[in-house]
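In what follows, chain A forms one complex with chain B and a second complex with chain C.
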Partner chain A sequence: MVKPPHAVVRCFAAIALLLAASSVCAEGDGASAKLLRSTSDHTKFKVLQQDFASGPEVTRACLTCHTEAAKQLRLTQHWRWEYLNPDGRRLGKQNVINNFCTSVASNYAYCTTCHIGYGWRDASFDFNVDENVDCLVCHDTTGNYRKAPGFAGQVVTKDTEFPPGSGNLVKGVKLRPIAQEVAKTSRDTCGACHFYGGGGDGVKHGDLDSSLASPDRDLDVHMDALGNNFTCATCHMTQGHQVPGSRYAPTAVDRGSARLRGKHYKTNPTTCQACHGQTPHKPAVAKLNDHTDRIACQTCHVPAYARGGVATKTSWDWSTAGMMTADRKPMVRKDAKGRVVYTAAKGTFGLAENVIPEYVWFNGKVTYTLLGDRVEKGPLPTRISHFEGSADDGASMIWPVKVFRGKQAYDPVNKTLAVLHMAGTDDTAFWANFNWEKAVAVGMASVGAPFSGTVDFVETESMWPITHMVAPAKKALGCADCHAARGRLDKVSGVYIPGRPGDHAAWLELIGAALVVLALAGAAIHGVARLLASRRRKG
Partner chain B sequence: MASRACWHHGGGKGDRVSRVYIFKRFERFWHWAQAALIIALLVTGFEVHGSYRLAGWERAATLHTQAAWALIGLWVFAIFWHFTTGEWRQYIPTTERLDAMVTYYVSGIFTDAPHPFRKTRLSKHNPLQRLAYLLVKVLINPLVWASGLAYLYYNELVAAGIAGPGGLSLGVIALVHTGMAFLMLAFLIGHVYLATAGHTPLAHVKAMITGWEDLEEAPADDAAAAPRESSSAQGATP
Partner chain C sequence: MTNRMLHLVAISALGLGLQALDAQAAGSDWKRGRVYYQRVCTECHTAKAGGAIAPNGRTMAEWTAYLNADKHAKGKEPLKKYVSREYRASVKATNKAAEKYLEVPEDQLFEDIKAFMLKGAKDGDSPASCS
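Let's look at the complex of A and B:
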């Protein structure tokens, strides 16, 4: 006969069982959470269990299962860096000249570090090769995937000295573990390029910088890492790799209502209205809903940009570039906060945080000054890109914009913006030689444009929509920010804003004030006369 | 006429002065509530307009809207009251003795001349008052009301195709509203000043509070008697 276990033993056994059960339970939760994230565990795929020697090798492996992915990607603006404007002009990174680092042409090996492909070294790049699509740059989850500048978007897999003979070592990236952990895009993957547009953190957009990788609620109420935790794709709802919401094709006005599941939409899903509709404000502040026909949500709800502690560039003067120190080294100057405000390579910068946007009527049309368009020095700056719109075209809303002001090279004889050969190890690149004529000659030649041999500098202006860094409602603009003298919308014309003295009819103010003064004076004079008359009678 | 002098100096021989109940309870309530609301509307309205900063724009706009709705409610009651009681006749304009009123304010008031108008229950307002109040009621009030509602419901007007680009603009609506506000303010100043022009500086105010007005040799029978339907417009005759 088996003796029944002693009570103490039984008790221990029970506790042990309980502990075991609870730990199984905990493991089960973790496992199921991971399990429910995806139907595929990429570590289990044989094709990914190899040491990849190059980026395209990884892509080939990806395509064995995701057979149509590269074809989808090859349709995108992310791939082609080209956009056909409704006015018929060819835009996109490949074609425009901006007033930051100016142009991709003749600088491919550096600029295409941010291309979603491998090997776009010059204009001869073949856009039809599937394996040149870079899957990892968007789908990495490890944070270890890096593409170093100068390699035309190729990922360096072995430690490499670059530029050769410089003593600079670019560390090789181990692709196998990265390929085995791929998943959906994140703020980090999109941000790897979009936070750093213009050549550095927060430089270009002002409403996109590395602070959005893990923002708090005040910085962005949607991307709030401990709250809503939106990724970029939550709004930029991507289907078949076609990412909506490009600034090249902006939706300035969305009169639609909030989207319903199951319903088919052809409109831009990235707009505020796509989720919030036309009357997003609660009954207590219902008057605000009367603003949604004329004022973009961003105007009030992005009260300032560059709010996350990263300064954005506000201006860039290329004309001062090239200064050397006494010991013939390229000069660098910093401001009181230690931020670089001058380099010999790039000239003089303006930097700012918590920048109040400028406000313009915007109907979604953007006009550009492209290579070959007539550029002349004048009282007004050349409009590199300009938001069109007016109060009475029936298609505009008041938008917040970043206006980026610069001074950049142009050909004063041919009267066109210049393509600059900035980056490279050759003798003509500006960043190696600080010679404008050589840099422009090579730059213009690379696109087959004529060059007179003379370089001058012209003031330019570009516009950028402000739409990220949406503050919580409580930190949005208040009434008095616009309904006031010298308010936010002081320079926006064509609309009557109560409380803005500029909108008053001067004649009515004059007549009204005169009437009131006359009434007061009449009462005063009459009253005093009565008083005096009454005293005289008494006396 | 010696007794009039007594009135002006606040003395008086009681035998020649009678008290008449001129302003009924609702009328007094209406007057003072309206006064408070109009002053509140002027103060907040000119802040919303951008003439100064006081409560802050948002609070001013909110208070302005709330006061406007309260005033509209009050007006609805007042209009009802005026028509059901026949009191609207108090505002039928007359030129009779209008010149006498003007002469009185221009010279008589300084020399202690007798007031050319004697209040009765059936004729509370002197011809100048009739004219001024009528102007308020048929010009300022309706335009302030209409432009104010158009201001509040501008978006709905745009949606209905009545306002918007090419049509009625918010600027025009605001212009009318502001113009009426200036007129209302000028009226208020004149009204408040003339309220001191009774036989004592506070006599009119007191009457507006208590409802009772001191009257010279008031034909008490008249005042208390059955209404004389046809006499309301002639009440100015002493």
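Let's look at the complex of A and C:
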């Protein structure tokens, strides 16, 4: 055998070493990055090396290591869908009626698609069973975990025709690879529910939709996928699975300073002030810091919502639902952009992008119209949820809000909002038979509420805080957006805004002008007198 | 160093290198692929080629065939040209995704994009539109 020349071998070895080194570096971009994200490689856990037939099986496996996780979860609003308001009223999805799809009651199997649990099919759901907690819905990293409507939050693991006989196939989810890739939550996992509140992408909130899964800087300066790349949990700093920052417990005013690392706080970490403090603006624009005591940061820094190309619903008229085509099929209408603006199942929608918020004084208190509260049909809409506050209560700031206007079913005899049984394949479900009386009768019975048998429709309003989709400073509102005629804060009362026509006081301005003229005249007379006196002395 | 030792070093290093490359292929990052697809591919298609192409517009088999064929613009140029470092360098001044991912190995980035497209395909695990 001929030996290779020494130099060639050296050269070959050097190239091979370089290749290995470069590959290891390159790997640092993929595998090493993954290594740095977690101390655990879940693919190596024996308990996860199995094919799971159901969600609860996965949870049982998770709990073999994360022994206290389900107990933590069971203490959360995410689990209970219930919040005890300071006024003693029970809120949360379980209890409120909104003017989107209205209520969870009697529609559990569909609404609980977004519950962080398995099997909440009716009011008898057992909240004390650990294995009913759904770990994957928050900790999936593959983007492949999903729960189909109608299965009460259960994940479908085998291809299933649903509803039976419909020809519609729900694809089974392979749980093993998902369970082996779990990690911290992400915008995708939180967004799987929160982007789709109200029954579709961007429908409810307006400042939360699928465009925030991978946003650019203009859409959200914090979540910018190529920049800060914040996850939801970066601000909603979670401890023991308790996620702060719920809209049921809003912080309208935060007078605190920016948080220090390592220091423990009992206050809400999701406020802007929790990072930026009370004087966030640079010296060159320090005048803006004079606004921070009365104006929420979001008022200027979220100049519009639904900015990511996904329209949000602005109105919903249930009273028009139920229209059929000539061949007796449920009617569907779309607008010029191909967006659905009417369905027989849901009625008529208003849709909009780049929506300018409305502005209100907000002190953190929200009043609700709940089931059983008296509702009067009159010239003003019923306030389903309303932000309280005023200029002179010493506890309010001016906030941007989405006001969602609806027209929804109520009982005109008992004068209460109606619980609708909408979803399902049974004869009483509105989406199956389009009969209001049947749907409301079953819905009201499900919560033990009286129903007269008559259905009418009442105009309603709900308020939603606008706080996501924070634009870069250069795209925030400028002075002239408010300090001008017909500015953003034109309808906000109780505050003096220079430049706003309504804030002019003619008599005060006359006095001011007179003082200016007198001052100038006095200075002129004084100057002339000094000049004359000087000449006289010289003369 | 003797020839024998050099041989050993060379073979070990090559093995290590190939192993690392395998690991890269296995560890694709679909989220990075999504960003590149949206910010580079889609932006250019929207501006210059008549509109965006959603992953859920094709099946996994169709996307696999398209990606394996490595043909862009009806075969006038290789698809991988638009994932190459040279291309990223050429547009980095105006494209933040190209700038941020400039140092990502071409094969790795291609696998990332592929992972996003296949999972987002019409019959993929998570069909995806352009948003």
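Note that in this section the second predicted complex is superposed on the first by the 474 of 539 C-alpha atoms of A that agree within 3 Å, B and C clash if a C-alpha of one lies under 4 Å from a C-alpha of the other, contacts with A are read in each partner's own complex, and residues count from 1 in each chain.
Here is the rule we go by: a residue touches a chain if its C-beta (ideal position, glycine included) is under 8 Å from a C-beta of that chain, and two chains touch if they have at least 3 such contacts.
It should be emphasised that the depicted structure is a prediction, and the values quoted were computed from it without experimental measurement.
With both structures placed on the common chain, the touch criterion links A:Gly308 to chain C but leaves chain B unconnected. When both complexes are overlaid on chain A, the residue A:Leu260 reaches neither chain B nor chain C.
Of the two partner chains placed around the shared chain by superposition, neither chain B nor chain C is touched by A:Ala506. Of the two partner chains, chain C is the only one touched by A:Ala225; chain B is not. In the superposition on chain A, A:Leu36 contacts neither chain B nor chain C. Chain contact summary for the complex, chain B toward chain A: residues 8, 47-50, 56-58, 61, 65, 105, 109-112, 154-155, 158, 165-166, 169-171, 174-175, 178-179, 181-183, 185-186, 189-190, 192-193, 196-197.
Residues of chain A touching chain B in their complex: 287, 290, 293, 391-392, 394, 478-480, 483-485, 495-496, 498-501, 503-505, 508, 511-513, 515-516, 518-520, 522-523, 526-527, 529-530, 533-534, 537. Of all the residues in chain A, the ones that touch chain C in their complex are 3-4, 6, 9-10, 12-13, 16-17, 19-20, 22-24, 26-27, 29-31, 33-34, 142-144, 146, 171, 173-174, 188, 201, 210-211, 213-214, 216-217, 225-226, 308-310. Residues of chain C that touch chain A in their complex: 1, 3, 6-7, 9-11, 13-14, 16-18, 20-21, 23-24, 27-31, 34-35, 38-39, 96-97, 100, 103-105, 108, 119, 125-126, 131.
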